[in-house]
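Letters A, B and C name the chains as they come in the text, with residue numbers starting at 1 for each one.
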Amino acid sequence: MGNNQQPVLLAAEKLRKFYGEVRAANDISLEIAQGQVLTLVGANGAGKSTFLNLLTGLVKPDRGEIRLLGKRITGLAPEQRAKMGIVKTFQLEHVFGDMTVFDHVRTACLSAAGKHYSMFKDISTETEINGQTEQLLELFDLARVSQSLVKNLGHGFKKVIDIATSFAMKPKILLVDEPTSGVGEEEKYHIMELMMNQIRANNLAAIIVEHDLNLVKDLSNETIVMHEGEFIARGAPGDVFGQDKVVEVLVGRGF
Amino acid sequence: MGANTRTGRMMPSYIDDRLIATIVLTAIAAVIPLFVSEYVRTLIQRCLLWIPPTFGVYIIYSLLRQVHFAQSIFIGLGSYIAAFLAGKYFVTSELLILLPLSLIVSIGVAYVLGIFIMRRTGFYFAIMGIAVTMAFWSLVYKMRQITGGSDGISDIKNPSLFGIQLGDQGLYYVSLVVSLGLILLMRRILHSPFSLQLRAISGDLQKAESIGIPVNGMRRLAFIVAGANAGVAGVLLAFSYNYVGPTTFAWEFGAHFVQAAIIGGVNYFVGPIVGAFVFVGLEFLVSTWFPNLWEVVIGVIVAVIVVTVGEEGVTGIVKDLFGRTLKRANLEERTYSDGK
Amino acid sequence: MFSMGLRYILNALPVVSYVILLSFSYSFLLYICGRVSLTFAGIYLVGAYATVSLSIALMGNSLSFAGFMGILLLASLLGAAMLVASYLCFERFLKTDVHRMVATSSLLLVFRGLVKVVWGTTPVTYSAPFLELGVSEIAGNIVPNYYLFMLGLALLLMLALAYFLNRTSWGMRFRASSLDGDRTMAQACGVNQNLVTLMTFAISGVLAGLAGGLYAPIAGAAYGSEANALLLAALSVIIGGVGSIGGAVLAAFIVGIVRAVAAIKMPVLELAVPFIIASVTLMLRPFGIWGKEFRY
């Protein structure tokens, strides 16, 4: 299953997170190697977002371990994990609305270079950073809107900006939470294509949460079905979606 | 698209018109004491000294979207350092010692306080800021033997610079230079990678965390920058008022800087400068005729500004009024275009 | 040792009582309407001055307890009227928390300034209720009855509010609109949001005005005391947690008693101590001792 020859990049071991009675993550374990792309499907409230948030550190687990390249990172803050290469894009709109697209991506480039506290340097003299930013904007087809304010752009644009900003962090593993939710059919494929091209070109690991099962089949040859905080099936999308228990879990949302 | 693009609300570019305006205004400020009475000169000096603390509020407001009520602490620290060293326990009145000392003390205090009050944002930060000013106020008020209690310390002699005793006019020019220097420094800071990332934090906290921005550390540094400005101005304010009392620490004094920043308009870099002049000018004008009413008048003005134009302030109103004229002169276009 | 502790507690009762009322006035607005407003401290100040002035004007230096209660009622209603008016004319136009904090702090300065214009800066006092209610003895300590009356009234009001919020159908409408509930959903179910907001402001005004009036016979109505009130009440909300009645009472006791002890043992730290408690609380329990996690 998957790229077993590659060393394990990120490992989650028996992660548990309960919200009162609700089991958002019930002893989940997962290993993912470099270049491996997984998709994660499941009904609303199955714990998909919680799982991604556990990996990024936005949610603290009740128990369990997370390791990046063998190093324990369970207690680290989100910003430290982001620095180490675990970067997440958001399901809902999480963008810096008052910035231009250029500044939006540049912020992440600066952060990746560790230039947080550089107060007395004019930002226009950061030629290396500005070059990187422009390159990224080219790659994600954003150069033509680089001077627009993010809040004035459409939903699809904001998604692409979010993804481009995540790539500026030079991630090792990308956690993508429903990249196409709320986006029209046509834009959906465009966004996915832009993203997948970059994931493959950089040989990144990725976990993608997606509702559109047709899209899931195109994205990756390995998918995981989640239900009530547990992984109930794992394998090639074609096989997995045929299983009875999977149909039962997913059918609720009009599969 | 040039590599050094820097468009955006709070990032004006180095434009000739602005440079010219700066030089003209500075020149006016430099020659005006030769023509006006001593009283007016002191008033202008106070306006100049109000600029740095107001800039502190401005930085916290425009970059972090927080209300900084605690500037009076740093003004107070700077003022009492001046009052102790140059007044009560006469040690030295050398500005080259007083100013750096106040800077260091302000940075140190801001660092420690930042740990406590920058932990949370929104009303938590505002209230904790007010609480700290009150704590300092009661401390100074009650340590009567050292601070003189409610009587404060008066009779602070003019300072010296490079060992040369400064006259009142000399103090004015020192204030002008310090204030101008701090304005230029703030301008540099607002164009820095640091402030871009601060804007990210106020834009969307979760996203900022997810791209590795150390939120708490950066907020604290912004707080330190704001405090350092006020600390430096505090030293000169003590000499300017020739009196220091516990009211320097009072929460309403800190709130006045917030009011000044709002009056000026926090959407504009010149906002704090305009705000400082308008606030001190208004305070002077109103209290000349109605001594008890100036706080009411300014309070009402601030409340009306917040409701009607929000962050635009007087600067925005003036810009709107004269915007058309400027546009005809084709200045408007360049304001928001590329530096290159 | 125990009796010393008891004496501190008894001496702190007036502060505790008025902080209970005032902090809940602030936290109630925050909890039900999600609105930050510092105006309450101005209402407190006006309430204190109104009580003292009315009492002196109507009763001179004598005391009719029923009359005093009537005046307290008037002061509370004045507070409610002022806060509702401030909401209708002004605060409802404020869209963000930052705007609210800036504008209401300015409004507080306006209230302060007006008090200065009307009453001047010299404190006015009317201490007849405090002096003439007599004293009781509790475990060897002499306590003015007025202290007990204040605490009793404050606790009674809190109990009434708790009953109102948790047991009545109107209270349910309030809670449905609060940070705990869902405003849009409440509106969809036919809860009149404007009415709830207005009533919240009115209740908050009653509490603030009453706090000022109740404390005035002990401390007098003093220009500048609003800063103390603002500080103690707002810090109590941070300590106790937003929207929690139990938290408000508990935090008021903590703040009041510790402050009273500090005022005697280490006077210079009198106002620093509440701040330190609040800092520690924020570190251990970011949402207050009794608070729930809100978006703030």
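A few remarks follow.
By our rule, contacts are C-beta pairs under 8 Å (C-beta built on N, C-alpha and C of every residue); 3 or more make two chains touch, one makes a residue touch a chain.
None of these values were measured; they are calculated from a predicted model.
Between the contact lists of chain A and chain C, the overlap consists of B. Nearest to the overall CA centre, using the mean of each chain's CA atoms, is chain B. Measuring from the averaged C-alpha position of chain A to that of chain C gives a distance of 48 Å. Look at where the CA atoms of chain B average out and do the same for chain C: the two points lie 33 Å apart.
The centroid of the Cα atoms in chain A and the matching centroid in chain B are 42 Å apart.
The touching residues of chain B, when paired with chain A in their complex, are 1, 3-9, 185, 188-189, 191-197, 199-200, 203-204, 206-215, 217-218, 221, 225, 339.
Residues 30, 36, 90, 93-94, 97-99, 101-103, 105-107, 109-110, 112-114, 116-117, 227-228, 230-231, 234-235, 237-238, 267-272, 274-275, 278-279, 282-283, 286, 296 of chain C are the ones that touch chain B when the two sit in their complex. By the touch criterion stated above, chain B contacts chain C in their complex at residues 61, 65-67, 69, 116-117, 119-120, 122-124, 126-128, 130-132, 134-139, 142-143, 250-252, 255, 258-259, 262, 292-296, 298-300, 302-303, 306-307, 310.
The residues of chain A lying in touch with chain B in their complex are 56, 58, 77-80, 82-83, 87-88, 90, 94-100, 102-103, 106-108, 110-112, 115-127, 129-131, 134, 143, 146-147, 162, 165-166, 168-169.
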